[in-house]
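Okay, structure first, notes after.
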Amino acid sequence: MSTSAATARAERPRLLERITASSSWTVYALLIVVFVGILVMNPSFGEPMSLMAFVKKAAPLIILAIGQYFVIVSGEFDLSVGSLVGAQVVIAARLMDGEDSMTWPVMGIMLLFGLAVGLVNGLVTTLLKVPSFITTLGMMLVLYGAIRLWTGGAPTGALTEGFRQWGRGGLFGSPGEFQVPYALLIVVVLGVLAALLMRRPYGRTLMATGNNDVAAAFSGAPVWWVRTRAFLLSGLMATVAAVLIGGYAGVTAQVGQGLEFVAITAVVLGGVVLGGGRGSVVAAMAGALTLEALFTLFNQLSLPSTIRPAVQGVIIIAAVAYAAVPRRPRRRATAEPPSSAEPSSPVDPPSRPKEPAAT
Amino acid sequence: MTTTSTSRPSTPVVEPILRLRGIGKEFFGNSVLRGIDLDVRPGEVHALVGENGAGKSTLMKIIAGVHRPDAGTMTLDDAPATFTSPLAAQVVGVSTVFQEFNLLPERTVAENVYLGREPRRFGLVDAARMDRDTSELLTELGLVGISPWMRVGSLSVAEQQIVEIVKAVSYDARIISMDEPTAALADQEVELLYELVRRLKERGVAILYVSHRLKEIFDLCDTITVLKDGNQVITTATADITPDQLVRTMVGREFSGYFPEKDPTTVPGEVRLALQGVGNTQVDDVTLEVRSGEIVALAGLQGSGRTEIAHGIFGIAPFSRGRVLIDGTEHTLTSARQAVRAGLALVTEDRKAEGLALGQSILANARLVLDSVTPRTSGSRARRIPGILSSLDLVARSAETEVQYLSGGNQQKVVLAKWLVTDPDVIVLDEPTRGIDVGAKRAVYDLMRELTADGVAVLLISSELPEVVAMADRILVMRDGRLAGELPAGSDEETVMSLATGAGEESAEHVAVDLSVLAEHPEALAALPGASDAAHRPGGQPADRPVQQEER
Amino acid sequence: MRRSRALLAGAATAALMFTAACTTDTPTETAPEGTETTAEETAEAEGSDDSGANSDWFVQADFDRELAQRDIAPEGPADQPWLQAIEPEFVDTSEFASEGGDKVLCFSNASVSNPWRVTGWITMQQQVEVLEAEGVIGEFRVSDAADDDNKQISDIQAFVEAGDCDAIIVSPSTTATLTPAVEAACESGKPVIVFDRGVNTDCMVTFIHPIGGYAYGADGAEFLTENLDEGSTVLALRILPGVDVLENRWAAADKIFSESGLEVVGQEFTGGDAAQIKDIVTQYLQRGPVDGIWMDAGDGSVAAVEAFEDAGQPYPVFMGEDEMSFLRKWQDTEMTAIGAVYSNFQWRTPILAAQMIWNGEEVPSEWVLPQDPIEADELDAYLEENADMPSLHYAKFGGEDLPGYPEAWTDR
Amino acid sequence: MSTAVTTAPPAAGAPPSSVRRRRRLGSTGIVYLALVGILLISVVLVGLRGGNFFSQSTVAYMLTQTSLLGFVAIGQTFVILCRSLDLSVGYVVALCSIVGATTMAGDPNRVWLGVVAALAVAAGVGLVNGLVISRLRVNPFIATLGVGLIIKGYLDTQFKGPAGSVPASFQGFGYTRIGPVPVSTIVMVAVAVLGVVLLTRTRSGYHMFAVGGNVDVARLSGIRTGRSIVLAHVLCSLCAGVAGLLIAARFSTGNALVYSYGLDLDSIAAVVLGGTLLLGGRGSVAGTVGGVAILAVLDTTFNVLDINPFFKDVLRGAIIIAAVALYARRQIDPASSRARFLPGRRAAPSAPTGTSGPATGGASA
């Protein structure tokens, strides 16, 4: 036991090393490939107007991916976000009913509703010990039914312009010309906040909880509340996404349907591990962006719409499989400390990551 | 230090079943085993000892077929043998019982024993025969407390260990390797294991026994091989070596000085932690005090309620009766969080399950308590972590290394660091030196002295009597969920033992015999002596129930 | 005894697993190849081979008939389009005539999963209330299949078996799949009324529907052809593949476009999702001008219009539906547009048909309701009439004379 | 079950196995208890409205509802036991309905050809799912979602609507009834029995439990874990294939849009309702059938009571959560392992008085 002090204090690995060492680098590579593909197919996509239009479309999914990331990294699932987005848009339309003065109060109500749904999801999962897959599946059914029960089956009312500007409008310039979309600002702000949050004590506790909730509990983390907060964040993000989607495209009966699977796919594409404890929020956002870019690429390739799901399926499987394959040697390399550093304590490389370093 | 095979085994010459010659193993150019020669003979218990990282596990894994050697040869029955997988080894009669149980808690004993080779009849699994065969095997090995149809998850740790061994035997194993089989066992369970090992020995099974506990090695083993830094230091008959010599061979340093002396300037101060008549479903009427600068040991058999006291204090399984006072103020702690806020720290018994997020970095783990409990100030307080880590002599590539890649000792240091950084007033250490190497143990002991010098109150829960006796200012002994008594510093192990076991008149002789061995090798006491069943079982329960039902 | 049974079961399992083992090596493509040819055979067997990309769904005769029906003046009361019929062939229903009121009317609904169906469903319930008040209907029993054909089959079976339905109304979820169930219902001797989508049988007393998908698609396609110059570009937005009524709409439009000088730059499936519609239109606009939009259903049409606004492009010639949100947008933007109509008032007709059948009055065996698109000159009138209606209401819902009007539709 | 019961050396023979059987029923028992409870409530509610829940038509309706989801859920049980998941079942059902119907093409002589073709395709999809998961190490959630999307793409491109037709003889599979019991339900029960035999009486079944319980343990015991996962997925898809054939028989044609019925999530809900752990290693086909029956009773009751379709969704979601919460509550109870300690403690002469209750958990992980 000789060398130590210096090694323990060793500085963080360099950025490049960190990117390639994590499993999420595939998503960045894929993102670049897809963007290059789009630009080759349609150079005008690079024009500011086109890019901003893309951002407006992609923003809600990116935000949903942030919310889903929190839940997944804590070791859970949130299948209710699609229904929640739909419910929120319908609530907004029905309560505002085109009254401009109602915009802000209703957005407040939406916020509370989103948090309430997250709270219920979280508490049922953590306190009643229902697997989150089932909790949120049930919540999905409840929201789907309740919102239609309330509106008699189809959305009623109308969204106000003040509400719609968030997803549709932007700063500088007038509609129909180049604008910096609010959606872009919101995504950037939320993305930065999320990345910061993951570096904050809460983020680290969340990650540790996803990795080993017993250890987190023994360290004084209120595990139920840590996870519930993840669901609250997911509900919050779904609300923001609902504001953006509602703003972008208005109310339809179908809004939000199936978004939960797209969001989970996006997060997994970003290298976040289902089951918790691994992955970065920025990569999850990149996953969402990649997925949206992929949809755009399909469009630019004039791929028949019917075959797109098939191509999407192949790409997702391939990307996730590819991210899974080269990990093993890479991990081993980091697992094995260089012999010079610590002659006194050669660590047996774990035969399987679960039970390392016995003796 | 690289001399090998200085003496031949004193046991009658029996041809070895398994012969290892010049075995070497590298991982990514890092040599972890060099030139190991090993003969494993039927009916012989062969101990494999050495510090953590000496290469015992790697050698075992080579024999088990987990790893393949890079150099040297293995012969089984004089024929060259290469095991491509644990199963391949098992099929030819080489079984390994790892520390992590390879059992399915949701399945029955029989289903676990015959997993992967269930007997069939007309293509369907013959469950009746499976139960019957398992039952026979259990009876044969004298294990009547376990039935084939029991769900493994409902068994105690010891019983699960036994199921593992039964499984090995069911393969008609001729060689069984055991990796620290007693690490998680209570003492009367250890006795059961001893019995099992002896029976296996009688059946002519060769046993390869890895252990840190010298007592076991001298009790059980015929031959000892010592590894150090991947080299074979010595292979000798047990009779030809004393525990003192053995320890010296292992660590290359004298055994004295193992425990740091108490700093005479450290004197107990104010009462920091006081329990007054606390109890819940596991413990009852426990009253104790720990003062600042004092180490109070909580001794006792496993399952006597020590860990439950720790969990009660820490609010994990709160007390339902009595009062808990911290610095004189009554606290009702119902969560770990409140306990931390009140200035408590708990180093748990099970590092991997309760102490660490294995997939997270050293730094993240070391920050975990700060992040969880005092998020607002954790940023500034965490700046001390690198200093604490290096003062603990943590060996790692960088603070970003995931803790799953650290050795047991280094993992324990991370656990300690995460509590030290909270500046606790009271620290509860539950088996802090279990399963870690001598060097790391020493670091823990030094740390305890430093903490008391700084005025921290330390409650030490330990099964290792020398540790208890050498480190504690006062020794509290628990038995069956209650305090059995208090002993002053410097009490001898014998007194502690008899309090812990409640040894009555009729069993005094047995204990005395056991302890006479200890008296010869006090420094070798790495484990409590195995107490016989009758010794501490009040009410004279039937003796055909060797598996004492202890909570793990 | 136990053992032998277990053995038998085991043998069966083994057989099952053998099947699995044998077939797993088969490349997945082989079977689908086989099925593909049979699918074409089926299509050919139905005699529906014709030019155009959409030969699966294009039947020239149906196309011709529906287009012609648009110009035929319907018979029936002029102010009650839901009672009008085009070229009716009346059938005698005296066998179902029965005295007394308080009938049990059973309705197997495919679903209320889209605004069009919701609007119609409200209208239907209002019509039922009228007849309940009159004492004609005693119980209105409804099973909603939530778009699940299998459940709807069970629902219909349950009605048949309950035996106390005095008439069974079916709004099929999918044409082909419900045929056996409807046939079974017919055999029970109860009068069966089918409306909206059809079934492949004519056993029911009456099949009520507007002119149809070809006419709907053609209304829009012809409008675009008339209002756009040759060489202009048209984007077709569709909801789902494989739904017959929707496929017919596109088949007709495709046929008309292929014979015009218009260039169809794309046909995209949107799922009716506004966000997707807007995104797709935006992307097409990035690549080049789009002069016309054709939609097989109005859901999300406003989003398509907004895509032009947000891209700073001139409004296209637009085909929407009689959905209020679109009509309002149309008025606001004053673009060149048409609101195609798939007559929502058809939801009233089956109830009234049931009453006629119980009375022994003759009804058309195929009750073809009129289906007139809303054109620019009618726009203001419809908007005014439905001023209080929610945005996903359908202008031609035909419930203005019902007692619940307008609250039942405005306060959903 | 404390060891106090077993202090007497157990004889190898009948007693242990009977005890075991009783214990096994324990986890499935609560499912059927819940089923009976819901059934009772339904009977009362329907009775209050003057109906008879056990009328032939209602029972037939209920059983018919059971079969389709039953097939899919039985299949889903295998994969969930293996700690996997299959989100592609809905697409497989759709695909197989079309493959079956188009192969039969209305010709009575081609019925068996159609059945074999559909099942072959199903097995092929299962094989792909299994291999992608076990060989390419793709998370099952993503793998089966992806494979589902691929099938969807194929279906949407190739089949614009219903395709093929089924001869009348095969329609019997969907319509024939013996008393109130549809043939499809009988077949479903037969498949369930096969499933039970497979899981409790064959090595493959034992190995599935092992793979789901702990894949490392299974591997160390010489179980080819990949093969178990592949087999589970093949069986799951085969069951979905049978469901597809049932669809074809009921519709007398194949329909691609069946994939939108939500069979994937419904089947997972049914399996979990049936007491199978979502994380694998424990569960039973019998429980799954109970779970499916619970959902069918609910559907039937809602239908008979003429409950608003949207309210049905609300109730369904709430009941699924409530039921699983109920099971979870029962599983938290640590008595099974802790109670072993207490009798010994109580036997101690000076045992504290307040220790009779089961230990509060928490300490053990």
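Lettered A, B, C and D in written order, each chain numbered from 1.
Just so it is clear, a residue touches a chain if its C-beta (ideal position, glycine included) is under 8 Å from a C-beta of that chain, and two chains touch if they have at least 3 such contacts.
Here the structure is a predicted model, which is why all the values come from computation and not from measurement.
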Chain by chain, through touching neighbours only, how many steps does the shortest route from subunit A to subunit B take?
1
Among the chains, which is located farthest from subunit C on the basis of C-alpha centroids?
B
Distance from the mean Cα position of subunit D to that of subunit A, given in whole angstrom
31
Averaged over CA atoms, how far is the centre of subunit A from the centre of subunit C? Could you give it in whole Å?
37
Nearest whole angstrom, what separates the Cα centre of subunit B from the Cα centre of subunit D?
42
Return the distance between the CA-based centres of subunit B and subunit C, expressed in whole Å.
72
In subunit A, what residues contact two or more other chains?
153, 214, 305-306, 355
In subunit D, residues with contacts to at least two other chains
154, 156, 197, 201-202, 216, 309, 312, 365
Residue numbers in subunit C touching two or more further chains are 6, 10, 112, 241, 269
Listed in rising order, the residues of subunit B that touch subunit A in the complex are 27-32, 52-58, 61, 66-67, 98-100, 179, 210, 229-230, 314, 316, 335-337, 339-341, 346, 348, 352-360, 362, 364-365, 367-373, 375, 378-379, 386, 389-390, 393-401, 404-411, 418, 437, 439-440, 443
Inside the complex, what are the residues of subunit A that reach subunit D?
79, 124, 128-131, 133-135, 137-146, 148-149, 153, 214, 261, 264-265, 268, 273-274, 304-314, 316-317, 320-321, 324-325, 352, 354-355
Which residues of subunit A touch subunit C in their complex?
42, 44-45, 47, 49-50, 53, 57, 60, 93, 151-158, 168, 175-177, 245, 248-255, 257, 295-296, 299-300, 302, 305-306
Spell out the residues on subunit C that touch subunit A in their complex, using ranges where they run on.
112-115, 117-119, 121-122, 241, 266-269, 271-275, 277-280, 282-283, 286-287, 299-300, 302-303, 306, 309-313, 325, 390-392, 412
Contact residues on subunit D for subunit B in the complex?
1-3, 6-7, 9-10, 12-13, 16-17, 19-20, 23, 197, 200-203, 205-207, 209-210, 213-214, 216-218, 220-223, 281-282, 336-338, 340-345, 347-352, 354-355, 357-365
